[in-house]
Structure formats: structure tokens, C-alpha cells
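To keep things clear, I will list the structure first and then write my remarks on it.
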Amino acid sequence: MKAALIEEKGGDFIVKDIDKPTPNENEVLIKVEACGICHSDNFVKAGAFPGIEYPRVPGHEVVGIIEETGKSVNNWKIGQRVGVGWHGGHCFECESCRRGDFINCQNGKISGISYDGGYAEYMTAPKEAVANVPEELSSVDAAPLLCAGITVYNALRNSGIRAGDLVAVQGIGGLGHLAIQYASKMGMRTVAISTSDSKKELAKELGAHHFINTEKQDASEELQKLGGAKLILATAPHSDAISSVVDGLGIDGKLLMVAATGEPIEVSPMQLLMGRKSAAGWPSGTAMDSEDTLNFSAMTGTKPMIEEYPLEKVNEAFERMMNNKARFRVVLKP
Amino acid sequence: MKAALIEEKGGDFIVKDIDKPTPNENEVLIKVEACGICHSDNFVKAGAFPGIEYPRVPGHEVVGIIEETGKSVNNWKIGQRVGVGWHGGHCFECESCRRGDFINCQNGKISGISYDGGYAEYMTAPKEAVANVPEELSSVDAAPLLCAGITVYNALRNSGIRAGDLVAVQGIGGLGHLAIQYASKMGMRTVAISTSDSKKELAKELGAHHFINTEKQDASEELQKLGGAKLILATAPHSDAISSVVDGLGIDGKLLMVAATGEPIEVSPMQLLMGRKSAAGWPSGTAMDSEDTLNFSAMTGTKPMIEEYPLEKVNEAFERMMNNKARFRVVLKP
Amino acid sequence: MKAALIEEKGGDFIVKDIDKPTPNENEVLIKVEACGICHSDNFVKAGAFPGIEYPRVPGHEVVGIIEETGKSVNNWKIGQRVGVGWHGGHCFECESCRRGDFINCQNGKISGISYDGGYAEYMTAPKEAVANVPEELSSVDAAPLLCAGITVYNALRNSGIRAGDLVAVQGIGGLGHLAIQYASKMGMRTVAISTSDSKKELAKELGAHHFINTEKQDASEELQKLGGAKLILATAPHSDAISSVVDGLGIDGKLLMVAATGEPIEVSPMQLLMGRKSAAGWPSGTAMDSEDTLNFSAMTGTKPMIEEYPLEKVNEAFERMMNNKARFRVVLKP
Amino acid sequence: MKAALIEEKGGDFIVKDIDKPTPNENEVLIKVEACGICHSDNFVKAGAFPGIEYPRVPGHEVVGIIEETGKSVNNWKIGQRVGVGWHGGHCFECESCRRGDFINCQNGKISGISYDGGYAEYMTAPKEAVANVPEELSSVDAAPLLCAGITVYNALRNSGIRAGDLVAVQGIGGLGHLAIQYASKMGMRTVAISTSDSKKELAKELGAHHFINTEKQDASEELQKLGGAKLILATAPHSDAISSVVDGLGIDGKLLMVAATGEPIEVSPMQLLMGRKSAAGWPSGTAMDSEDTLNFSAMTGTKPMIEEYPLEKVNEAFERMMNNKARFRVVLKP
């Protein structure tokens, strides 16, 4: 089968024929129909994740058709269309797993990092990493929802906000353009925060009720004029920008960060104490969370904005994604 | 009547005779029996709070007997023993008040800052700032519970922890020595974190199950060995020390800060994202929260460790408190 | 001024001229623009509420313009358009009020029952019972939202449901037709449950994704086919019908009842224990909840279906409402 | 090995030698040290559970030492002391399992019902049904905590109560005498409700702050005098008695039922609506919940009151338990 793989840390993608994988007893074999490119795929290219073994096929926004199931797999059927996201499997034995908190599995696997992912014609995945895809969604539209989508949908629905609350989405990119749609479809008074007016019209189309351009306006002040945000969803990994909106939180307001960066944000006890505020993080979700994300998206008509590329053009597609030129996600078709 | 007052920013306490106050229609007149000294009383001495008018009598940990009630006061009776804490009244008209969230009143008053407090033989207080004191508690024991006590009790009970959870109290001082008692009486597996072994024995007596000396041990590592903290209650305003325990949080762990300082703590999105962690602040409580604090303390036998001083020795008493020599709260008796 | 009043228990409405009321220091005077008729207004006609004094002007779905404010009223301005709902004021002194839980005030007043309401050209209301009306809503549309609307909006947003959950609305009447709109605009997978197909098309237009006709289908079975309801909002006071849907609850499902009836429902510990289910009640809300309801309605375009009547035709209008002939709320215009 | 088994529906226990079981790849073999008798064991004797196959060895309060582990078991070690409770395993594949909500597994197994339990010298259990037992607890003391204990501990800690709340425990039996201890050790103001004064002294010793004798007093009235219960934990399956305490709930009060009976309780929408009350059920817990229960019990010194019997006297022991003569749990030792 054809696959796009990285052969060594720092290398480019090589598209070549490799053996079609065989599922073990707890796995399914998926014929890939679409695979989104995610910034985190760069972990494989850059070798920036501990313990990556090469060659490796990246890809954790995968949608395809089950072609074969392992002998201990009872909950998936051949022919079923399914997806695989970032959470690539868990051990069922560690304390987190025993608590049913699979996302925090101490031995968790990541699709396309711990094992070969979706930049290929076929991939295998553990049965616990697989999500059903509702028929209303096309495969290319569903793919990015399995990482970009689930991250913000799951963060939003578990954040404690109530319909009608003021919710700000900081950053209008791969995650942000989905978060704006989700927030407004959840009945939130939605504020889009961006660094230029170029995305203002788009933000309104996606459902934003208000738009703040941080080049011209102080985001914290503007949020306070609107009553103070109950939630600010920070979708981009820029700690300076995140720090600058903390004072836009209203009473009981929460700053929720979904983009991983190790650079500290600047926040003081005093800032949080007055008004009982908090800063928190959220880490995507499991395969069931993916199903919930896909179902909600299908029901509400939420779709990612995507650019499609054939697998052969993976290097070009990948560059476009990494340089933030894409609006807003790039999807490979094998 | 006798009162200890600050006549100008930076001045010492002067004990002198001033007019006994008269309650307005919504106030009660309280004959003071005990008044705790709090670090925040230094706002008055240092002039560090916006808009303080001098002379000013500080004191927001007040217990006494109602001697007179204003004509619109129906819920307090002459002869009733009551307390007044930091939250000194609210406007009933702002949005927070209309939501019943009095602690966030946009026009809130602070006892002993917005108006004269309890370093005196008498004080008046708005009826909404007054809490009933259960008979099981002596006045000197009850007084510090109205600020130091309520702050940590209310933070703990509203933090989402469940009985059996690992809860760390950082700092064993005025707030911390109460927090350890409360946490253990709430059924929490309680960890005391201190900077020396000198308080180890005391911590165990107060109910701590574990003790960490940060001079010798890495607090975060030790907490992880115990499973990771569901809650770390940071009771002292030292942002460096607070930052150093963030990695001691377990899954869904929360760092809860109750001591106000404007100095930023150091925490990154990545630290919070893995394990769904959060950092949050909590601001004491209302008069009803004070009642709950006092009732819980009476039921469980929780008492502050105090040193008593006559009102005349206010300057000496205040110095002892400010220099952290007291174990752990100082209470004035008029 | 003109008012429609009940002069004695069981009497009809008499429209006549009475003195225009004068607000006391904590009240506002409102020139009524619209007043919805609610089934609960029958308490006045039937004398079915303890302690009603006659003559009494009913009406607790009132929208109008402030014409005068009492001298202690600082948060309302003359000329401002406001509304008054069921919750007609509170005492600020009882334990519930001191906790900020005004709806449970032990001395609470009810508009149009404890004092004269909105079936008139003018009414007075305590300042704490008044809600701002956003300009996007017409007065006749806003009026029913102050009782029918707030009850279901507030119940829904505080029920713990998350966007995407399966939410059933039982009964498509005054409350139900609003609940369907709110639920779907909150991103819920919304099921309308009715007793005939006659409202099926309407239900879909209001936003329902599914429709169950209990004449032809077993509602519990149908809900289970859809995965089991996280929430069933029972909007009509029919305990038999309510009991029949309990088994339609999914895991962690909640039956939430907003229509008051003293007739027991039938539910066993076993039914609730399996799947951690619950049955609960919800009692409308305060003036701030009304504001939230109106703002959410304005933002999402939610409107009641109404029939307008001049105040003079109050008896006809009232009959129409009581006999459930109206689709779905009747609004009087003075 | 020796085992006490039921050979047919309605039969007595026969103690005889049967083959020692062999663990499959996902199971452990446990040398039983103690096994509590539970009312639910009667399901086996009476044949009152669908699908029971005979002969069957009951027993779902089992503590013992692991003697062998299946080849896919990595989280348990030979020689480790462990326990097995009611929840006897799950499928990992159904929707509930995929959500991590194992207790609601659609293919869940029950120890001693789906497979042979702990009335024997040895038993096997799936690895996911096994809990570690802390060394502070003896095996006979730990055994009843795996069903009676977990049920009430888990119900209490997940009920939303906060330390200091008024919590009533209805029924002082196997579950109730543990619930009183847990509630008071969680810092709850604990009320014991019983049908006679004979258990008054005991209730106080177990930690109850108040005692209500329903023969002499109206429980609802008494609870209201104490402020109204935030939680009433109904531990006995008597729907009449349960119904009689509903009006003892305070604001936001919850009636939580842990004893399974199909007989309806009597509760009306009106009763729940005023004060936002609820009635709910709770179904024990998983192996991790058992571990939490055991750890909390060890930390707080909570123990069941038990009577020990040798396995040979199983019929006598069982009768004593079924007739409610035991104080309060009976434990078999093989």
C-alpha cells in the first residue's frame, strides 16, 4: 500500500509502497478515505516527542472504512465508516483506566506517533481508539473534527458554561474557527478575538456575535464592556496573548487553554481571587468524545473549512499547514 | 468609648476615647467582646487601600453583643452574640447583588476599612454583614474564624473535593493551621507543606496525615508519590512557593489561592492541560458563610490558636502579628 | 386608571377605574404595555392561594415603562422598559435571602397575588422584582417570557445538560413550545412529546429533532431507542403522563418538573437506582433570571406564539387561556 | 476445595468439595480469607435474578490473597490482598464502557451471581473487578465494605453535599451504621433516623449528632426544625418509610435511595419544585470505588460491626442475616 512516512528525525515525507498492516486481535484495519494534517504531526517530522521510532507514518485525524476486525473485536463491523483521533489507545489496567478516565491513561498511545497513522491507504487501530462516523458528514469534513474539533467541542461542553453566557474564542485558526461555530450553536454569546480585521466578516459568518481586534482594541477592556467573559477559550499556543486576556474574565470566569505550550502565562493570585476566577487546561478526548463531537457537528451543520490534497502532495500540503497559510485545515486523500 | 485608631497613613495606633457610634436604620450596634488582628488591617495603617478616610478604626474579625438595632432591622435581636468579618456590606442593587452574589458586590464595603471596625468597645455594622455566633464558641476563639477561618473553610467546601481526596495545605500560619483542621475534619487525606520541620508535630496534631518540609524535599515530587493532590490550598502570598507546587497536582487537581498578591505565579498551559488541572482564587465569603464556618467549627471542635491582648496593647499586638511571631492569630479584648 | 380586577373569590373580572398606585421608596411605578395571562392567575379568580386579599388585580407577565422611582431606587431610570414576573419581591433578611437565594425567600411576594399586578394601565413593583427588557423584543413578545419563558429557560440551563445531549420536552403548550426552542438553541438533540400528531409539524419548526406521539407510541421506548434522555422536561401538570416517561431516561438522566401539581408521580427506587437517575423540580427564577431569559431570547430570536387582546376583553381572553384554546399564550394590552 | 453452594432454586446451602477454579488470561485466582453475607445473596437462593445457572456459589463481599494471575494480567501480583464486590466485571466494548462508566456496562457481570463467588476457599475474578485492600484493615472488617460500605460511601461522596451540611441517614442497619460513620467523618451534621430508641446510643457512638425515632416523632418535622436536610440517604427498601421523609428535605435537598425496591415512593412535583429538591438513586460502584472506600475507611477508622461464622455454618449465618438479627453484617471464614 501507499504511505507517506518520515524515515528519520528531520526528514521530509517520502511517499512509497509499504506492507499493508495486519490487525491484531484487538485491532481493526481501516481503509483510509481522508486524513487531516495537524500541527502536532510535526512531532514526528521534528522528532520532538520522546521515543518515536522511525520510519513512522503520521496522521491522527483519520476517517475510513473498516476492512477487517481482530478476533476479539465485537463492537465494530466490516464496512462501517469510522474515525481515529489523537487518543490512540489505552491500557485498561492503570489507575486512570480503572477509573474510566482513559484520556489520562499512564500508558496511553497516540495515533501516528506510537504507531503508524493515517497518511496512508490503510492503518490499524486498537478498537478502543475508534469512533463511529455519522453518515451526514463527508469523510474529508469529519477528519479534522477528530482532533481540532473534539478538542474545542469537548473543552466547551465540559467547561461549566450555561447557554447565554459570554464566551470568547481567542484565535481564529484551525481550532478557533470550529470553536466559534460550536459556542454559538450551544447558545453562547460568542466573542471572536483576533489580531486583525481580516477575519471579522468570517467570524460573524461562523456565528460570532462580537469581534475584537487586539491590534486596535484592548481585549480585556472590550470583554469587560460586554459584562466579562464566563469563558475564554485560548486556542493558540501564545502565552503572551493568553496573558493579555485574563482581565477580560467576568465573575466566576474561566480561562481554558487547549493549545499546549510550556511557556508560562502571567497570572497573579490577586487576578484570580477577585471574582473567583480560574485558569485551566483541557486535553482533547477519547473515541466516545469524538463520536459526540461528530454527532453534534452533524446535527448542527458544523463543518471545518478545509483544503484537500492528494497523498502524493503531502510535503506541499504539510508546509501549507505548518506555515498557517491554510484556511484552516488541510486534508489528505490517499 | 475607647477605640484604637489610625489617624493618618503610616501612623501608629492611638488608643483614645471617641464617640460611641449610633446605628442607622439598617445597622446594628455591637458591644465588642473580641477582635482579631489580620494582616489586612495593615491596609489601614499603611494607607494601601484606595480611598481610606482617617481617622479609621480597623478590625474585621469582630465578635460582640448586639446592644441596639436600627428600625428596619428585623432579623437581629438585642442581646444576641454576633460576628462581623471582612465582607462589610453590600448594595442590593448592582448586578452581582441582584444575582445574590454579595461577595462580588460592585459597591461592597469592608469592615474596618470602609467604616470603623472592631478595635474598639463598640462598632456599628450593616445588618447584612452580621453573623450569628453559636454558643459553643468563646468570643476570642470565634473572632479569627470570621476572616482567617471563613476564607479557608469556604474555599475548601466549595472547591469540588470529595471526602478521601488528597488535599495539601501550603503554609502553616494563621490560615493554614485552620485549613489543616478543616480539611482533615472534612475527611480529606491532608498534607501539610511547610518550610521547616519545626511545625511537623503541630501539623500532625492539627490533623495532617502527611508532612512535607520544602527545605529538604521537593513538594511536587512528594505529592506525586502520594498520588497527586486534588487540591492544593495556597495560604501564603508567596508566588514563588506557590509556583513550585503546581506539579504536585494530580488528575483534575486544582491549585486554590486564598492569599492576595499581585505577583504572578509561574504556570504554563502544558502544565494544566495534561490531567485537566486548574489554578483558581477564592475570596473569603459573606455573613452567611461566616455562620456556616462558625457552626462547622463548633460542631467539629475546630479552634484557632490565639494570643490575647488588651486593646491598650494594640501596637505591641499588631507588631507581633505583622512579624509573624504569633502562633497564630492575635485577638484584642476591649 | 383602568384595571381588570377580581372582587371576590370566584368572581369574574371587572374592568373599572381605580386609583393609580404610588410607589413607595423601594418601588417603581410602571406604565403597563403588555401583560400575559398565565394559568396561575386563576389562583386569584378561584381564591386558591392562601391569604389573597380582594379586590385584586392579577398579572405576573408584565412589560412596561418606568414612570416613577421611589427615593431609595438607584438602579432603575424613568423611561426604562422593564418587566415583572412571578417572583414579586423578597425580604433580604431571611436565611435564604442572606444566602442570595431569593427565589426561596421565606417571605417572598408574588406579583399579582401578594399585590396588584399587570392587568391594568399601571402597577408598582419592588425594585428587586424588576428586570430590564432588551430592545430587540416587543413588549407583547417579552411578556410571556417573564413566566412561561423563564421557567423553562432557567430549568434547562441549570439542569446540568451539555450541548448534544438528548433532551425531551413533554407537552407542547405555553411552556413547552418555548422549551423546544430553547433546548434546540442550546444545542440539545431535542425531542417533543405530545398526545397527538397535530403538533408534529409545529414541533419541527420550533426546532425539535424528533417527535413522539404518545397516542401511538410508548414514549419511554422511543426515548430509549434514541439512546435515553439526559433530561425530560415535564411542562404539564399531569402526574400520570409524567410517570409514563420515567423509563425513557438514559444514564444519569433527570426528570425535571416545572408544573406544580400535588398529585404524586409514580417512581420507584429501582427505576432511579439503575443508571443513577433522578426526579427533580424547578421553580421559575428571580428578576435577574428574567433578564437572562430575555437576553437569550433576543439573541436567539426565540419568541412565544401569542394572541393579543385588549384589556377590556379580559374575560374572553382568560377563558381562552384556561381552556387551552390559545396557541399558546394570551397577552393583554391596556 | 470447600465451597457453599446452592444447587437449585430455593435450595439450602450445601457445603462440599468442588474443583478449585482456574483463572483465564484476564482473571486472578483468590484464596478467600473472608466473605460477607449480603441480602442480595438471596437472589441466588431464591432464584430471583434472571439467568442464574446452578449450582452457584454466592458471595460478593470477598477478601483474599491472589494465588495466581492470568497471562494478560499485569496490574495484580501474587500474594497481594484484594477484594471483590458486587460489580463483577465489564465488557469494555459497550457504550457505557467506552465512556468509562463501567458500573452501567450493558454486559456487566455480578460476582457470585454471573459466576461463582466468595462462599468458598477459592474464587476467580476478572482483573477489572478486583480492588486492593490496605493493610490497616483486617479481612473480616474489609469484606462488608465491598458492598454495604461502598454503596453508602460512594453515594455520599458523589451526592454534592458540602462539609457542614445536614445529612440524614434513614435506617440503622448494615448500610446505615456505616453511612452514619462516613457522613460524620466527612464533616456532615449527621442525623440518624430509626424506628425505635433502641439504637439511639449506638447512633451517637457511630457519630450521629441527632437522632429521630419515627415511632414518636415526625421525621420530616424534626428535620425541618434542624434546618431541612441537604441529603437524606435512604438505606432500607421500604417505600412507605422513604415517602414519609421527603418533606424533611431543605432547600436544594436530595433524597438519595440506595436500596433497590420496585415499589413506588410517593412524591409530587409540587413537593420537589418548591426548594429545588430531588429524588435520586445510586448503585454501589466499581473496583476503584471499592479501593477508595477501603482507603477512606482505613484512614478514618471506620469499621463495620460484624459477626463471624465458619463457612460450615453458612445456613445458620445466612438465616441470621436474612432475618435482620445480626448487628449488622455477617462474615464467613472458609
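First chain written, first letter: the chains are A, B, C and D, and each begins at residue 1.
To be clear about the criterion, a residue touches a chain if its C-beta (ideal position, glycine included) is under 8 Å from a C-beta of that chain, and two chains touch if they have at least 3 such contacts.
The shown structure was predicted, so the numbers you read here are calculated from the model rather than taken from an experiment.
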Between the pairs A-B and B-D, the one where more C-beta pairs touch: A-B
Duplicate of the B-C contact set - from A-C, A-D or C-D, the pair where over half of the pairs recur: A-D
Centroid spacing, where centroids are CA-atom means, of chain A and chain B in whole angstrom: 42
Rounded Å distance, chain B centre to chain D centre (Cα mean): 40
Junction residues of chain C - those touching two or more other chains: 101
Parts of chain A lying in touch with chain B, wherever the complex brings them together: 96, 101, 104, 234, 237, 239, 242, 251, 254, 257-283
Footprint of chain A on chain D - complex, ascending: 74-75, 92-95, 98-102, 127-128, 286-288
Chain D residues touching chain B - in the complex, by the definition given at the top: 156-158, 162-164, 182, 185-187, 189, 209, 292, 295-296, 299-300
